[in-house]
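Labels run A, B, C, D and E following the written order; every chain starts at residue 1.
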Amino acid sequence: MIDALVLFDLVLALAIIGIAAGVLILRDAFAMIVCFVIFGLLSALAWVRLAAPDVALAEAAIGTGVTGALLLKTLAHLRGRTLSPPLRVKGGLVVNAALCALVTLAGIGVFLATPIGGAGLEGLVAQNLAASGVAHPVTAVLLNFRAFDTLMEVVVLLVAVVAVWSMERGIARAPAPVMGEVYAGFARLVLPAAVIVGAYLLWIGAIAPGGAFQGGAVLAAVGLMLLITRAYTPLPAHRGAARIVFVIGTALFAAVALFVAQGGRATFEYPAAHAKSLILIIEAVVTISIAATLAALFHGREPVAVSVRETRA
Amino acid sequence: MSDIMLYAAIAVPLALAGAAILPAARALVLRLAVIAPLPALALALVAPPSALSEPWLIMGTVIGLDSVSRIFLAFSAILWAAAAATARRWMRGDGHATGFITCFLLAMTGNIGLILAQDAFSFYALFALMSFASFGLVVHARSDKAYRAGRLYIGFVVAGELALFAGLLLASREAGSPLLADLRMAELSGLSVALLIGGFAVKLGIMPLHFWLPPAHGAAPVPASAVLSGAMIKAGLFGMLSSLPLGLHAYPDHATVMLAAGLVTIFAAALIGVREESPKAVLGFSSVSQMGIIALGLGAGLMAPAAWTVLLPVVVFLAAHHALAKGALFLGAGMFGAVTGLRARILVMLALILPAAALAGLTATSGALGKEALKSALETGSADWLPWLIAALTLSGVATTLLMARFAHTLWKQAPGAPEMVRAQPDGLVVPFLGLVALSAILPATWPLIVPEIAFAVIADKTADPLPILVGIVIALAAIIRAHALGIGVQAFIQGITAPFLALRSHIDAASRRRARSLRRAAHRIPAMLSQRAESLRLGQTAIAALILAVIAVGMLEMRNVGAGSAAPMPELGIDMPQPWD
Amino acid sequence: MEFTLLPLAILFTSLGIVPLLFALPERSARLRTTINLTAAAIKVGLVAWLSWRVSQGTIYGVGFEVLPGLAFKLQADPLAILFIALSSILWLITTIYSVGYLEKGPHRARFFGFFSLCVAATVGIAMAGNLFTFLLFYELLTIATYPLVIHRGTAEALRAGRIYLIYTLAGGLVLLVGTLWLWVMAGSTDFAAGGMMADIAAASPVQALMLFVVLIAGLGVKAALVPFHAWLPIAMVAPAPVSALLHAVAVVKAGAFGIMRVVYEVFGIHVAVDLGVTLPLAIAAGITIIYGSLRALTQDDIKKRLAYSTVSQVSYITLGVALASPIAAIGALAHLIHQGLMKITMFMAAGNLAEGLGVKSVSAMNGVGRRMPGTMLAFTLAALAMIGLPPLAGFVSKWYLASGGLDAGQGWVIALLLASSLLNAAYFLPMLHRAWFVDADAGAGAQESARQRPIGWMLSAPPLVTAALVLIAGGLANAPFSPLEWTRFVVAIEYRE
Amino acid sequence: MNFDMNLDTGTIFGVAGMIVFGIGLFGALSVSDSLRRVLALKLCGVGASFILIVAAWRGPAMPADPVPHALVITGIVVMVSATAVALALIRRIHSLENGRDV
Amino acid sequence: MSEFASIDWLALTVFAPLLGAVASFLAPRMAPQIGFASLTVTALCVVMLAAQVIAGGPVIVSLGGWGAPLGLDLRADGLGIVMLGMTMLVGLFVSLGALDSFSAAREGEENARMRLYFWPLWLLLLSGLNGAYVSTDIFNLYVMIEVIALAAIGLTVLTGRLEAMRAGLEYMFASMLGALLFLMAVGLAYLQAGRLDFAGLAAHAGEPAMMLAFALMLVGLALKTALFPLHFWLPRAHASASAPASALLSGLVLKASLYILLRFWVEIFGPGSLIGLTVGLMGTGAVIWGSVQALRTQRLKLLVAWSTVAQIGLICVAFALADTIGAQTAWQGAVLLMVAHAVAKAAMFLAAGRIAQETGHDRIADLDRTHLRPTLAQFAFALAAISLIGLPPSAGFAGKWLLMEGAMRAGAWIWVVVAMAGTLFSVAYLSRPLIGFLRFDRAPDPVGEHHGWAIADAPPLMLAFIAAISGLAAVQIIGVLDIGAPFGPFP
């Protein structure tokens, strides 16, 4: 007997696979990106089915939302260039397809041969949740048990923004997306709401699905809108502030991690009394950093170079 | 005192030769060369028998003087002195005088030294010094003829030296000591004796090893010819006397060859010699012929050790006789070329008759004395050979007479050219020439005075064992070697040897070059093509998936192998080790 | 064994000045010369002291661990002294010669730096206490000589350098594998009188045999054994002092010395004989001797002729080692020194001819004796010594080799040596003939030899000194502390069993 | 193997994740257009995330293992960073190629 | 002293460069000073950590105090210390080189920009590298390699030239794909084992999911390490970057993924000999192909880059010996070779950069002793070549020795032959530029005094010198390396 939900799962899975294939097959670049966004959203849905709402939220906000925006911006930049036909049947292609199919089959075989849910750390997490300072297990893992991973992940963002700033310079401006008055108005209306949602997500992260990344993504969306609508134009003078915002999450996180390491405590070992507040502070600051960084990644270049070029032009 | 004299005999000529390096001393050296052999002469005449050991020098050096060496030293020193005196005039104004006198003195050092040497090392060293230094004397004229003679000479010298090296090496191992006295007492193997005889026979000019001798004597300037013929070829004889166990052990095979060679040498040299155009070459062949006589004595000694005690004095006497007479003849030839005017020429010619007659064996001359003594001494030896030897000795007088006649004829027709300076003042040549003539004449009288202990002769038995076939082979070989050596020359000979080798090499080179070129082309093309192909097909990317599959496949394979091999399938795969941080 | 820093001090006299020499500016020639000569003189003094101590029975050693279980080990034993003495004396002489030779040339700083490094490597090779250390210095030698070989910087020199590098590095690599194998097999690479392979050779003779082949092949490249000899004649494009060093002291000798160490002190002569490797090695050496001489015959370039002569002469050493007779061993070891003296004389003389007269080929040598009597006198002495005339050095070693051949029951060795001497005579005597007895205007190359410029004492004296040494080494062979005497001392140790 | 027993949400999405990963891999290996290649790589990333999330899944109505979730969130952020850098590169190359740079 | 001992030097090795990066990013004008200072501090931390490890064995820090399966453990054992030491050594000298390469004295806006961004990127890279060497958790390693990869790509494209950008994009794709294969492997491993720490995973080695995970990780890391045939991205990326960046990429970045592979191989998966053989064959292919390409290429930096491909291949031969009796020796050799290659290759890239800077080109065929010859840089190049070829007394020699010794102990002569072939090849291709440095028959001007000396010559020279003589310290390095028995308790 097949459960209705399982049927839903099956259909959803098939849709995900089909759309994933579509990303590769569709000739039109815009369609491809749209396809990808849909794929992301369906994946997020699937993850909700798999009892992973935090992840779904993050995927929807960052994996799909921010990424989609980045892709569209790039597409706009590349506009005028026709995408080469994605798939041409050549010998190499067939060989690749066959090999990848075999790898996939092997993967599926291995997956089916491995029991699901056999082993995990949920027991340990539950045991230590109380000591972690937060109630939501995912947040506990992110900001306490595996805080080092999270720190390094923020570092990855920092690396990305440094790298992007270092490479993207002097680009003549891509034509700005044509955004009507309606959009601008919508943006103005939505902005305060989005800020509030972001902050809420951050706060709620301590006890329920949500947290720094999701909140950061929402705040980043605010930034994106500001940038798109030219409500905010990055100026050279803002560079210093921008740099501070980018690094403050990393810096604070690292500083706290090191600072707590005294009196016999290890690095990242928050004093039990201050664990919650420390985590909250870190999360808040990291959220701001993430938001600013994501927005900067979208904007894509250091303000100074552009301004110099533009004033000359 | 005698130690100092021993040293001085060798050191004086060597020091003079060394002094020739200094440009300032060169003229003086030429002038003083005449005194260089005098210490040796004094040593020979007055010093008591002595020996001196210097273990630190070379590999242990012993020099000394015994009765045989005393005689050799005496006549060699006289000859060297006479030649030096001649050279003093002869070389004046010659552009290469310094080179000549240096070589002359070095050869003198070698010659005198080897007579004094009592061990194989120093003997060999000085023998080589003499031989190699003489090269400079032979090629002194710098003419094509001289160079040809020089090449021939040096080729034979090197071959002879190598034979000597091997012979001395083997002999001293067999004797267990490098001292020549021990060599003489040891029973040497046939091989080492053959090597020694061969090595010394080159110097002695016994056929078929004589080819170098006439051209060299012909090419060298007069004073050099005199010592080459008078003193240096005797060094070969001296070598045999001092290194072979003569009188102790019989070597019949060697003796046979030696006797045969001697017999052939006496007459063949005469026959060839009479066809020569140059008086000095004729004299050279005469020397060869005379050495044939000496070879008969040696051969007899090798055949019958018992006869050696009587043969030895005779052989030594013959050597001294020939040295003085031939020296006189060479110097006379030079003199003849130097004087101008018919009267002077006739006078010189008359003076020349004396040594010539002595060589031919005219009654009462040293030559006749020597031959008769040899005949009687031979009778104590092998009976088989005796009639032949007697006949040969008898006939040798005929041959020598012929040669002397030819010498006189050619001398008259085309006397050897003398340098302009000598022509102008030939008087400086008179004393050495006449001195040698005189010494040659009075040799029979003075002989017993110098070395009384061996100045006697004995009569022995007779034997005969003709080996004409062997002689024929020797002659044939001689002819071949001669044709080859004279016809092609050393350089061409070497090229002949190496030519096929070189051709093969160039062939291989060319082939490998071609091959290398095509390989290099391929080496450049194939990687380029491969990398282009790999890039255009994006093989690197494909490899990612392929490798994943490969590793999975291999992993599965291994898992199966392990699973089949053991009851517990998994643990083997993980290296089961205690984790260090646990 | 006495632990002391003396070996290190000797090494340091050459190694320590290397950075100094590199750092000196090109123009401060006087200071450079002073440093060079002082160091060389100090080294000769130290070596003299060391030899004295070693002759009294003291063996000095110093070492530290480099790889697990493997030590860098220097050890001054009698065999080492033999080689160090040669290199230190010849270094002094060659340094003087080089100063004169490169008086106005470019890159002197570099030249002398690498020159010193080269000597340091040679000293290290001599004093290496195990095969591993030997290998270290063997490779260092390769690196240090390469810039010297290509010092002229021309396309030809670079080509020669490349060939040199490929040959010697490949040889070094093979030696590396051999050393490693020895280490894996025996657990030690130490040199010890009498060897250390007896048990292993008994247990697995095939492996021991293969190891021997690998080691000899690796060393044979530098020792220029046929067929690994091709680099040597090509490398003669180097400046004369470098050729002198390459041929006389450093590179080929390093190979020959290594063969000695391997045969005597790794395997042990008795083990080597039991393995049956000595006769093939002797035959290989014999082939090299004849081959090198035959090739030398047809060379017109003086240095090339000398180079092929080296190919031939160096194998005398190998031959003597392989004959497995103490007498032959004496010949081999003595030849190590004697050949060095003779060949360095000839190369310096050849350098003088090229520098002073522009004479580079045999056919242009007519009459050079008169124009450069001193140089040619030295050359003549050395050439006659090569042929093996007494009382020169070459005779002594040849005599012992031949006696050793008889001693070992290998009569063919005498024939071989005779043939070799004959060939030596065939290619050296024409040179002497031209130099002394042919007038300058006759023959080819008159134009080439027309150029003449005076050479200083720094060029003319060194060959005379070494020629005198050739004479002394032969003439005073039996005197105490002569090479021959020292050699007897060494062989007594190696054959002690 | 009992199909019914195994056909639960985890299995379905696990297999789907594998397939998505395979598709992404194929795209990453075969596609030459850079933008599409970035997307193919993102597919790979999502595919990998699927496996992690399935690994965390403990059945319907059961609380999941939070650790993989945290990992995936981290992975998503890392991925977006990498994507941003890749896209910036693509934009920059395009500008340089078309001479829109000074 | 006790205060010092209580300081978490281990974590500081990661945090010090991180904070330095933050500071240098915040104060771009002071970036070089800040960068160098924080590098020095990091070096100090590594030294202190090393002292701790040498004195008391491996140091383990449980971050947050949670302990392995739940939290993250950092660990510094001998192998980690050696890698950290190598990183710091190369890093310090390359930074010195960078001080000059991007010095304020040089003209141009591009240079100024490079100076601004080099330091944060490099310090972030360093923090990633150090993090990787002390990590014991595979997901943590995933994040680390992403940090490393993004920073490395940033460094690759720092020059802003089109070819660098293209090469960087290719590198980016390879790197991302490698990381994603790794991530998939992490997923499979968690699916199987339910934990991510090395020790926990080791217990599950050999199970199917682990097998697949291993395959993916192996290929992903091989892709990042540019092991033949997955090297396609490397030559262009390394050749087109600026000199200090190339030095870091070739010297350090590749080593990180190679190190991770080594760790996994030994500590977690311990795969069988056939897989070892596969990797060994890949290494052999790398030796041959890399060398052949290095022999063909016309540009100096490309030659150096191809030589990296070949050398990495040689190191990977050690994997083929992993389950033989010679394993420990071979691993030691491989690590020594990694260190040697890092030091020498960094020196070589810096030197090549100096040469190109002085002569204005890097065509091998046109190299000669011009009047502007950068003598010291050429000398450094030659010294580095000595180590890469593996001549004594370089660390390369010691490494090759141990590797070959391992092969011999295992009786696997084929790998001895491969090592020999690699050596000969390296002689052949490295002698091409070396010969060029020494020829002066084409020089238009008379060759005179030394020219082209600069402070910037010091770093490559020092590095090359260290590379050339560090073989003499091999036994000390191995002594450190064996602390904590990273290659298992072999007899």
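Here is the rule we go by: contacts are C-beta pairs under 8 Å (C-beta built on N, C-alpha and C of every residue); 3 or more make two chains touch, one makes a residue touch a chain.
What you are looking at is a predicted structure, and each value in this text was computed from that prediction instead of being measured.
Colleague: Go through the assembly and pull out the chains touching chain B as well as chain C.
Modeller: In this structure, the chains that contact chain C and also chain B are E.
Colleague: Kindly work out which chain lies most centrally, taking the average of its C-alpha atoms as its position.
Modeller: So the chain nearest the centre of the shown protein is C.
Colleague: Need the most distant chain from chain D, centre defined as the mean of C-alpha atoms.
Modeller: B
Colleague: Let me spell it out: compute each chain's centre from its C-alpha atoms, then which one is farthest from chain C's centre?
Modeller: The most remote chain is A.
Colleague: Tell me which has more C-beta contacts between its two chains, A-D or A-E.
Modeller: So, comparing the two chain pairs, more contacts are at A-D.
Colleague: In angstrom, rounded to a whole number, how far apart do the mean CA points of chain C and chain D lie?
Modeller: Chain centres of chain C and chain D, defined by C-alpha means, are spaced 68 Å apart.
Colleague: Round to the nearest whole Å and give the separation of the Cα centres of chain A and chain B.
Modeller: 102
Colleague: Between chain B and chain D, what is the gap in Å from one C-alpha centre to the other?
Modeller: It comes to 97 Å between the two C-alpha centres.
Colleague: Taking each chain's centre as the mean position of its Cα atoms, how many Å separate chain A from chain C?
Modeller: Here chain A and chain C have centroids separated by 72 Å.
Colleague: Residues touching two or more other chains, restricted to chain B: which are they?
Modeller: Expected reply: 538-539, 541-542, 544-545, 548, 552.
Colleague: At least two partner chains per residue is the criterion; list those residues in chain A.
Modeller: Where chain A meets two or more other chains at a single residue, that happens at 92, 96, 100, 103, 106-107, 111, 116, 120-121, 125, 145-146, 149, 153, 156, 159-160, 163, 167.
Colleague: Would you please write down the residue numbers of chain C that are in contact with two or more other chains?
Modeller: Answer for chain C, listing residues that touch two or more other chains: there are none.
Colleague: Chain pairs in touch?
Modeller: A-B, A-D, A-E, B-C, B-D, B-E, C-E, D-E
Colleague: Would you mind writing out the residues of chain A in touch with chain E in their complex?
Modeller: 106-107, 109-111, 113-114, 116, 118-121, 124-125, 128, 144-149, 152-153, 155-156, 158-160, 162-163, 165-167, 169, 240, 243-244, 246-247, 250-251, 254-255, 257-258, 261, 265-270, 305
Colleague: Can you list the residues on chain E that touch chain B in the complex?
Modeller: Touch list, chain E to chain B: 58, 60, 73, 75, 77, 136, 177, 181, 198-199, 202-203, 205-207, 211-212, 214-216, 218-219, 222-223, 229-233, 266-275, 278, 282, 289, 292-293, 296, 323, 484-486, 488-489.
Colleague: Spell out the part of chain E that touches chain C in their complex, as residue ranges.
Modeller: So the residues of chain E touching chain C come out as 332, 369, 386, 389, 391-393, 397-398, 400-402, 404-405, 408-409, 416, 420, 423-424, 427-428, 431, 435, 438-441, 447-450, 471-472, 474-475, 478.
Colleague: Give the list of chain A residues in touch with chain B in this complex.
Modeller: Contacts found on chain A: 91-92, 95-96, 99-100, 102-103, 106.
Colleague: Mind listing the chain B positions that touch chain D in their complex?
Modeller: Its residues touching chain D are 538, 541-542, 544-545.
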